[in-house]
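Down below are the structures I want you to see.
The same chain A turns up in both complexes below, where it pairs with chain B and then with chain C.
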Partner chain A sequence: MTDVHAPQSESQPGSVAAEGAAGRLPGGAGRPAPSAGWLRWGWRQLTSMRTALVLLFLLALGSIPGSILPQEGTDAGAVQQYYVSHPGLAPWLNRLDLFNVFASPWFAAIYLLLFASLVGCVVPRCFKLVGTARTPPPRAPRNLARLPHSSSYASALPPEAAVARAAEILGGQRFRLRRPDAGGTDYWVSAEKGYLREVGNLLFHLALLGVLLSIAAGGLFGYKADKLLVEGQSFADTTSALDEFHPGRLVSGSDLPPFTMTLNKFTATYIQSGQSLGQPENFNANVSYASSPGAKPGTYNIRINDPLSVDSLKVYLIGHGYAPEFKVTSADGSVTYNAATPFIPASTSTFLSDGVVKAPGAATGTDLGFMGVFVPTAISNNGTLESIFPAADDPAVSLIAYYGNLGLNDGVPQSVYQLDTTRMTKLSAAPHLLTPGQTWTLPNGKGSVTFVGVKQWVSLAITYDPGQVPALVCGMLALAGLLLSFFVRRRRVFVRAVPAASGTGSVVTVGGLTRSDASGGFEEEFTELAAEIAAAEPNAGPNAGPTAEPSNKSEPGA
Partner chain B sequence: MFKAKRRTVVTTTAVAAVLLGGALAATLLTSGSGKASASAGDGIVEYPAGHRPLAPDVTGTSLTGSPIRLSSYQGKTLVLNFWGSWCPPCRGEGTTFAELDKSYGPKGVAFLGDDVADTPANALSFTRSAGITYPSISDNGYLVVADFSQAGVQVSDTPTTVVIDKTGHVVGMVLGAALYSQVTTLINDAAVSS
Partner chain C sequence: MPVNLGFATASNDFLIAALLIYSLAVLAFAGNYAFGRPRRKEEAKAAAPAAQLATVGGGSALAGGEPSATAAAPVPPAFPAPRPGAFRAIREAGPWVTAAVSFSALGALVHLAAVVCRGLAVHRAPWGNMYEFITALTCVAAIFFCYVLVRFRAWALGVFVMGAVVIALGLAETLIYTPAGPLVPALQSYWLSIHVTAMTLATGIFFVAAVLGIMYLVAERYRKRVEAGKAKPGNGLIARIPSAAQLDKLTYRTVVFGFPVWTFGVIAGAIWADQAWGRYWGWDPVETWAFITWVIYAAYLHARATAGWRGARAHYIQLLGFASLVTNMLVVQVFITGMHSYAGVSG
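Here is the complex of A and B:
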């Protein structure tokens, strides 16, 4: 991507301008088929820097709705909510796939084209760089004094021997050499150094391809999943156990590594005093895991930015909350519900959380449902329950009880965080406050509910990205290649010798130039090199001034 | 000069638009065919004879604490239902399984549940209300599901019902809430193969 693939003509193939520029007529002898011309033109357009930039811009533009509109993949509930609040607009947005931007065909089309554009640009460039790296130095120019750097000295040696001596010096300094064919009367040597620049350039381009392929591999073979886990609960890595599962294009449920995990304990510590009171200090999820059911188990403390690595995937800790434990007893005294129930934090600073408990009864219409608010450190502010600290120092729940039909036996999926009260009646006008161990005997003999205690839950992100490490390696190689191409100079040194006018010895001219000297320093290098070549003479003449004379330097009297 | 520049911009934009349109059409066509091939008829997967995976020999504990071993069901057609009391479709199909058990139990068909991500108290409350008398493995950690997955039988969602023949091979499965007729189809398949 370091060059611009400008089309040979801005006009379309087949147009008068294009034909005029090429100096050929359509259908003329030796002219390729028109379709081939169109294809070549299209490919040239696709692989041009302009098109790549337009596509990159479109990619950025296309990502915007993905970040401002709720997305199916990350928050399906929010999408439903958007439908409710924007009934007219939402169906249109859905038709344009704007609720699932990153999996939409038009977004895929943009990045596939961008990928093709980049590959089409980088691959030919790589071949070109290989060619450049293999090219031998050019023949020495006739007049070396015209080069940006040059010097000359008188040598006692005949021209051939003087050039051979200079070639020895240059070869010793790992210059690539080129000599004239044997038998000629022209005595010169061309030397070139700094091919590492081309190697760096090539490495950069290949690494760029590697980055693209790594990202593609991650998208095809990787997957992401989310799982909410309460203390004491376990799960195996199967699609039915995962709350969210976003597989790559070539991933199916059978590809999931069969690791198992149990959340033993979650600990969160908060700042206890000062201005930052209540700010989180540390999170630690202690888990037991095994790479497959029945394999040797291990334990690990997952922390923020310290994921668990198992079966070549990573498990990150991305959220937490409280899961109060409830025991619900029906009117006939049988236990209908006994479990820890995850509540969702409404405030991340105080962890005041909302949730519902659904306790289906033995017969239709005898269900009990509860809407609850959980506060980890409770205070009563003018009769309103509030939380003043995120740790569960003084937990309490406030419950509103309902009796009737929860609709669970209808067979229709429903959210575990919402209570459908359309077929239920409220059992008490005011919420009932419970602390751990307390039981509320419901009015009218409908049963009871006990707030048994508090557990915590964690939200885990499970990711498998086979392209991550290769992308990192390729990224580092690309950087190394870029540095090489920036700091290594491609420089040429020429030595030419002609017989001296006196008849013995020769006059040797050394010239040098660099194709890029952004970092500077070639002038000093040339001066030292010229001095070294001159000093290698057994008896250099009195006017052997190994002085670098830039050719553009004005001569006295000129 | 400016005209030439404008023409370049217009040409580039037009090319990008045409390419984008083509790629979009190609992607839409590809994704369309993918969806069509993914749809399994009526939620039933039937393995052809000779290609039926062997069910894993899972062990577990019932909701009441008794040990359960899958291999002990060999010699009988087994209907294994993966469910949870928290899952409305599972509750919806509960009475269907109670009826199936009553009809096919006396004919030598065994029924077993695998209760995932649940507590025994919640699960037993449901089985009592639905009239289900056959046992269920308490599979809080989806271990039985993982074992089946390893054996090549993807229990990709809850509920799923797997039918195993007398030789321990999986005849087929119903994905999602099962209908009475779907389960009897697989029971009949198992009877034919055995």
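Here is the complex of A and C:
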């Protein structure tokens, strides 16, 4: 890795393709680094192939913790859990950004260095490619028989005409040609093809840069929001209505498009029998929406794999659950709570769900709180309430009631899914079971709670990512570049003719060369091409036809 | 739509049959090692006059991998070399090879029938869970290897590649068999066919590349030992596998074939992820490992063009890439919770 004097052509990421160029620059081999050349030395180190390789490894290695440890970006709850289960280790991991690997400075350092290395290598190669495109192929070597592929045949034509005919065929196959200056006694043609290989290689690397920039654009200008919506509820796309809002760095709440949406009905179907009993078959969230207040409303069935597009953003169905409806009446007979309450599924296979109900009383200390377990298809297993099927075929809730101070007026934000029972007393020792329509009259005349019915909720993700289409385009370009650089080969074919020893006609030698035959096949191409050139002779008799000659024995001067 | 039980049963039967036929193929390939004609002897005759050419003809593809082509070396085929037909070459290689290649091809056909029947039984692309995925990818590997067998006369590789196929398929059949059934809603998308097909193809191809890479390391180590005078040339088993240089080239070509397919699979996956989950890339564990695999194979391709990294080192990188692919498939998808937890093998 510290081999500064390695020939440049060997230490550049492009060498796979650069091999195609027959003439290589020797590079700065042996030249002492100028004393003020540290920068240049550093740059050369950075753009060397070894550094690129090391950075590629670091990139792969650095990604691993991101897949093993819980990540803030994908599952913040799991990170909290990790803190609880590993109190000693977690803060250290956090100091190393290991809970947020892909947004960490050290990970950014790796990929930015890698892309700097890439730019430093690719940009000079772009100029070099332009230079190559403007230079004709090299002159034909004197002894074509020395090339990796060669063959020769006897022609009835004089050397000049034989070469002209060969040049015609090569030109017809879109080879780039070079002929000797007129008036010489040297008859040859050089032909080259396959510049697209290097084009593809450069395209691939530049397109990767484009993918990175697209991702950056998405991070700056895009945003992602979450919203939990119960059947029958509506919301408008404003920051206060959203449950979570993750804006890009250059996005503010006022940039949100003003659409509104109502969840009409959510339908989930499950497999009713067999080994996959309870496996979901289909989810369907029927919504009404309007792209702006007063705009013509539309309806849509959002499914998994089928998001709704509205106002350049997309709305995805990412989760669902049950929201049992409760009506709570306080001791004085007034209704203090009447709403569908989203419960969080504890099991995604049976949809046994947990939730709480908070019914503040008229005076401090008269609040009612309930901890509940909801089961969509209830079964009693030795007195324990369990669910045997995820659909709400036979729903039931089991409630524990508390009386006292919920702490809602403390000014401290509370989770709607957790009940703070420190200042409350339990009203009954055992949980109370309710089915839809049933009412539980609480002990000591503290009021009552009615399980009115069941609704469903969905969680929606609302995303806007302006980098998406550019990223896709760049990805496809990268793939196209990859295919070109792998499957196009840069090759040269030379034809030389000398007068035959007999005096009439000539001996024509065809030579071929490729250094980038990764996918193979040049041998076949060359043989076909050589045969075609030989067959184009006007009077190609059986003896004048192609003859196989060992390439190391033919003598051009014969 | 309900599962078609007839096709489901047929698929299971075909798969067992394919496993048996593949085993016979492995036996025949092994038999060729034990009792077949050693290939180096055929080549040795041609080697002497060809040696001088070989130094010049570095680019002459894989000619050395074909005994018949090399045998003709004193007069190199300058014009359309009449390649001996693949079938004749197989016959000439002796009864063991004939049997092995026939069993491999027949097994691949039966295997293909099993995969197709599974698809007909469940009315979808038959790679929706880990069992189906491994069944399909070994089918790709077997078919791709049959092509390599015919194209490059690579009988010597048979016992390794087909052996690995038998082991992978056998483990899938015994450990993670999953009966035919419909898919969860997240997988009900035509992107399943596109994304998972590409990933399956690429995995099958990389599988073959990994076996070739291991053989390269064995052959290269032997070559070095011969050079150092620690081993006799033309010894035993190793004399029967292609030379290190040939294996190196074949490995590279296989990876070059698989890499764009993998790239395409990742892009297709990103498009699908965008449609299903609302983001095209989210560093889900499986996405992360697909990325790691991609980066390591990219490192292999670069290493082959870096002084000091060619040869064995590059092959270690390639094998590391396959190791990360296998980690992704067998460890990450099964044991790490993420959005890709569809394996259906949680027990």
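Convention: the second predicted complex is superposed on the first by the 355 of 558 C-alpha atoms of A that agree within 3 Å, B and C clash if a C-alpha of one lies under 4 Å from a C-alpha of the other, contacts with A are read in each partner's own complex, and residues count from 1 in each chain.
Heads up, the rule we're going with is that a residue touches a chain if its C-beta (ideal position, glycine included) is under 8 Å from a C-beta of that chain, and two chains touch if they have at least 3 such contacts.
Small disclaimer: the values here were computed from a predicted structure and weren't measured.
Participant: Counting only touches as set out at the top, which of chain B and chain C does A:R496 meet: first, second, both, neither?
Facilitator: Touch status of A:R496: no partner.
Participant: Touching A:H432, do we find chain B (first), chain C (second), both, or neither?
Facilitator: Neither: A:H432 stays clear of chain B and chain C.
Participant: Once the shared chain is lined up, is A:R50 touching chain B (first), chain C (second), both, or neither of them?
Facilitator: Both partners, chain B and chain C.
Participant: Touch check for A:P360: first (chain B), second (chain C), both, or neither?
Facilitator: first
Participant: What's your read, chain B or chain C touching more residues of chain A?
Facilitator: With both complexes superposed on chain A, more residues of chain A are touched by C.
Participant: Once the structures are superposed on A, label A:K224 by its partner contacts, choosing first (chain B), second (chain C), both or neither.
Facilitator: second
Participant: Check whether A:I215 is in contact with chain B, with chain C, with both or with neither, and answer first, second, both or neither.
Facilitator: Touch status of A:I215: second partner only.
Participant: Could you tell me if A:K446 is touching chain B, chain C, both of them or neither one (first, second, both, neither)?
Facilitator: Touch status of A:K446: no partner.
Participant: From the superposed pair, tell me which chain A residues show up as contacts to chain B and also as contacts to chain C.
Facilitator: Dual-contact residues (chain A): 10, 50.
Participant: Could you list, by residue number, the parts of chain A that touch chain C in their complex?
Facilitator: 3, 6-7, 10-11, 13-16, 18-19, 49-50, 52-53, 56-57, 59-60, 63-64, 66-68, 71, 73-74, 101-102, 146, 148-151, 215, 224, 271, 274-276, 279-283, 303-307, 314, 316, 318, 461, 463, 465, 468, 471-472, 475-476, 478-479, 482-483, 486, 513-515, 517-523, 527-528, 530-531, 534, 546-552
Participant: Could you list, by residue number, the parts of chain B that touch chain A in their complex?
Facilitator: 4, 7-8, 11-13, 15-16, 19-20, 23-24, 26-28, 31, 82, 85-89, 91-94, 116-119, 121-122, 125-126, 128-129, 140-143, 145-147, 149-150, 152, 154-158, 160, 177
Participant: Chain A touches which residues of chain C in the complex?
Facilitator: 52-53, 56-63, 74-81, 179, 181-182, 184-186, 188-189, 191, 252-253, 256-257, 259-260, 263-264, 267, 270-272, 274-285, 288-289, 291-292, 295-296, 298-299, 301-309, 324, 332, 336, 338
Participant: Can you name the residues of chain A that touch chain B in the complex?
Facilitator: 10, 12, 42, 45-46, 48, 50-51, 54-55, 58, 105-106, 108-110, 112-113, 233-241, 252-254, 256, 258, 260, 262, 292-293, 327, 334-339, 358-363, 407-414, 416
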